[in-house]
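Below, chain A partners chain B and then partners chain C, in two separate complexes.
Then we have the complex of A and B:
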């Protein structure tokens, strides 16, 4: 196992990227660091989504339901009761897990498009409730949280990078473990997996909880980085769509690809900012082209080549 | 009076929903495609009608016709550039085609939405109604356009029924929705059936979009909400069941109108979403679904 890890090209590429990423604050401006920080949190969203989609085979159109639950729970507790940040993040993560269980219940009963719609409805309901209970949640204007993670750009950056690497390592390890294999099997043919003696329901439920935990934690951390929670940044369907595009772009069923896709997507959106309103058009067109011509995504295509050689 | 007002407004809205959802569900029934660019195609047709009416000196009939034509073109473009390549791609496993079609049409829809916003801004656009004027209906002042909307919707749905049940190509369509392989074995080219279904879909979505622009106005920002409402109506009625969608459209239309009038317009969509959750939990196949 360890020997294979050393000889694998992927490990070395990841290691080089990690060193470059960690030393980046030494030679780029705070502006770029800020964008990258945001993209790392996005990377965790996308990786958590990939665990559900790529492995458990569940099309979750509402990743922002889990993200938003975590973010808003942490934000509301912090703003109203002034709990310390760590406790708020933990509460957010627990709430997201609760949301994940809530989503998992229909997923065990429903298939494809039906489950997809349920997740979409969950996001719309959450969004409606946030707007209706504007007194507590800040409504459409957003919620200002009193605490922030760090004042310093580099500290924020390193923290986000560390969080993404840690989450990525756990999720990647999980996906390559026997549990990941069982999940993949139950995603492709639930009946046959059950016939082989694996408890499909238990594994899927676990996948939902893990995905919800990382989504919720990342969401909570992100609002403590930004200092505000708003529907437009953590709940809106457009945000969820970006998460999905990122994961598919990077390569589904690879976990790491999702993070690469997310970073690429955020950076591309920023680089294309001079195009104004057309930037979203161009990003969507690129994503569509990748889906049409390289359905395995960036990392997926890379891995396929590696496997053949 | 309020009761009658709700009855009339709800009927017009529901008819429009029914027309919009019919094409969506027909396509799923026949070719298994859930088209998430649905809202974008409707808005594209509506904005095209608005543009044409502007160029043609404000003739609403020509404008509407141009809008529907453009809707058809966009629908064809969706099929030939996004859906068909994905369906035929060898790199995409068969069991994952569905999710790729969903993601692909979603991206395509965003592209259309952004293109509209770029060229014609995302401001709401209203097309001049075909029938201007107001009529007094038992004490409720009703725009004639509202009545015309309901009439046109039902006329189109009626024509569709005739096409599917009374013509040869319509019967092939029906057969393809029941058993695609059987239709192929009988010597019918399945891709011709798909092109026919996209043609019908394009025309229906185009008409629905143009009527919506005359009735409530459209904006490129409303694309997601349009797709979501068609999707929920179709699931509520049962995926692939046209009559189920018609009933569901009225349930949704009236529930929204009731809530908007009696409680608050801000809560308009919530009861429908809750009902949807309930129905999907208790009866996942929808009201009249087969599967």
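Then we have the complex of A and C:
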């Protein structure tokens, strides 16, 4: 197991990237660090989504339902009752898990497009709720949270990097464990998986909970980094679509690819900002081209090359 | 005698109004192989699913070593000692053969993040037993068809089940592979497992089974040794039809001019499974030809190749000119080869009349109305049902509508794929009368695919028998029972 880990090319590439990533504050500006910090939280969103879609086979079109639940729960508690940040994040994560279970129950009954539709409706419901109860949630203007993670850019950056690496390690490890194998089988052929003696419902429910936990935690941490929670950053369907594109772009069923895709998407969007309105168009076109011509995504294509040899 | 491992009694399953399985019961002892046979739609696969818990029975008991597991979820039944070898499955494509087998050895647990070390050696041992030793690290997509089936068998073995259910053990295998698989299944018997083989006919499993139970339309019809069941009157009637009066017109009547359609050395591959091999048939203008074969023999594939829906090797000639390269739409519209598929493919939310009008879309209004009137005469029930949504019709009515819609297109060759599928005997009679009338009053050319011989023979001028992707017999319907019947039992 560990021998294979050391000999794997992927391990070394990851290690190099990690060292470069960790020392980045030494040679880039605070502005770039800020963008990367955001992209790392985004990376966790995409990885958590990949666990559900790539492994459990559940097409969740509303990743922001889980993210938004975590973010707003943490934000509201912090703003209204002044709980310490750690407790707020924990509460946000728990709320997201609750939301995950709520999504999972119909997911185990509904098939295909119906479940996808339901996840979209869940996002719209959450968005409506936030707008209607503006007194508590800040409504369309957004919710300002009194606490922030760190004042210093570098500290914020290192924290986000650490969080993404830790989440990535856990999710990746899970995907490569026996549970990941059972999940993949459940996603592909639930009838046969059950006939092999696996409780498909139990495994899928667990996948929903794990995905929700990381989505919610990342969402909560992100608003404590930004200092505000708003529909536009953590709930809007457009944000969810970006998470999905990131995961597919990086390579579904790879977990790590999702993070790579997310960082690429955010950085590319920022690099093309001088193009103004066009930037979104260019990034979308690139994403579309990658999905069309390399349906396995960045990392997926790399792994494929390895598979063939 | 030892106590039975599996005891099934009073098993019943209804799907809506249809009784798919009616009061079925049997026992299997340790080290015994029972063959459960029946034609398509007889409910045998449903029985297997009920035992495995994939479907929940409406009534009855499934006792595994004395414990009634009827209605339990699949995974609990599996953990209780029942294993199944599916005919088709979707393996894990990104994982190797070995990892696919390891999956079956894992515990149903959310906290075991690392597999036990002996899982690997166990999986290798199982792979070698089923003959996958040399392809352990290949991915399923690169395996030949027989190896994929071996992998399914390996997964079932890995669960170490007391009772093994095998769905169509030999479908798609060559004779050498059939021998290998037979030996593996005999191995189950030697280990004292109870084995249930589900298949279409006695012949394919007769060398293996200790006993055979035959089903038809959800009911038990015969039980005994393979020979006894093959001799059984009811079984013979179900598979071969009773005394059939045939009305064949000799082929010479149609000879002289070129066949309307001529299929030469047709071959079709589905991935790695050979669906058709060197199939040659021809149909003359005005002739009624039946292709008889069990489910999975390749009838639908043959028709789909003619309609241009699947790629093939060999040649299909229509009035002497090759059909290859023409789109399915052109084949249906311009050539006039209209297929009425097994699945009927009605537009369920549209009314009966709309379905018909759609078929006659290319006709001038006057001609369309005239043709509709003619069809109402042929199928009076359709006339009464005009405003109803097509999906609310009964199975028999839907079949008639599907045929009527195909006839609206003024076909020169009408292909009927298993029109009798899932229909009750009384409906068959009505359908049969309509076909007879069609044959008597028009000069239509028909190619009929059927496993129900009673239905296929009376109208036919000529019969082909399709078995395991090949044509094995051709001749007049009158000679069928004597010469080709045994192959279908």
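Quick notes on this one:
We take it that the second predicted complex is superposed on the first by the 309 of 309 C-alpha atoms of A that agree within 3 Å, B and C clash if a C-alpha of one lies under 4 Å from a C-alpha of the other, contacts with A are read in each partner's own complex, and residues count from 1 in each chain.
In this text, a contact is a pair of C-beta atoms (placed from the backbone, for glycine too) under 8 Å apart; a residue touches a chain by one contact, two chains touch by 3 or more.
Predicted, not measured: the structure shown is a model, and the values here were computed from it.
After superposition onto chain A, the modelled positions of chain B and chain C overlap sterically. Note on chain A: of its two partners chain C and chain B, the one contacting more of its residues is B. Looking at the shared chain after the overlay, A:273 reaches neither chain B nor chain C. Once chain A of one complex is fitted onto chain A of the other, the partner contacts of A:173 are limited to chain C, with no touch recorded for chain B.
Legend: residue contacts after superposition of the two complexes on their common chain; A:188 is shown touching both chain B and chain C. Counting contacts by the rule stated earlier, residues 188 of chain A appear in both its interface with chain B and its interface with chain C.
Interface residues of chain C facing chain A in the complex, by the touch rule stated above, are 52-54, 73-75, 78-79, 83-84, 86, 89-90, 92, 94-95, 99, 102-104, 106-108, 110, 112-115, 139, 155, 159. Listed in rising order, the residues of chain A touching chain B in the complex are 53, 59, 106, 109-110, 112-114, 116-118, 120-121, 124-125, 128, 131-132, 188, 237-238, 241, 244-245, 248, 276-278, 280-281, 284-285, 287-288, 291-292, 294-296. Within the complex, the chain A residues that touch chain C are 1, 173-174, 177-179, 181-182, 184-185, 188-189, 191-192, 194-200, 202-203, 206, 253, 307. Here chain B touches chain A in the complex through residues 34, 82, 85-86, 89, 91-92, 95, 98-100, 102-104, 106-108, 110-111, 114-115, 117-118, 224, 228, 231-232, 235, 239, 266-267, 269-270, 273-274, 276-277, 280-281, 284, going by the rule given at the top.
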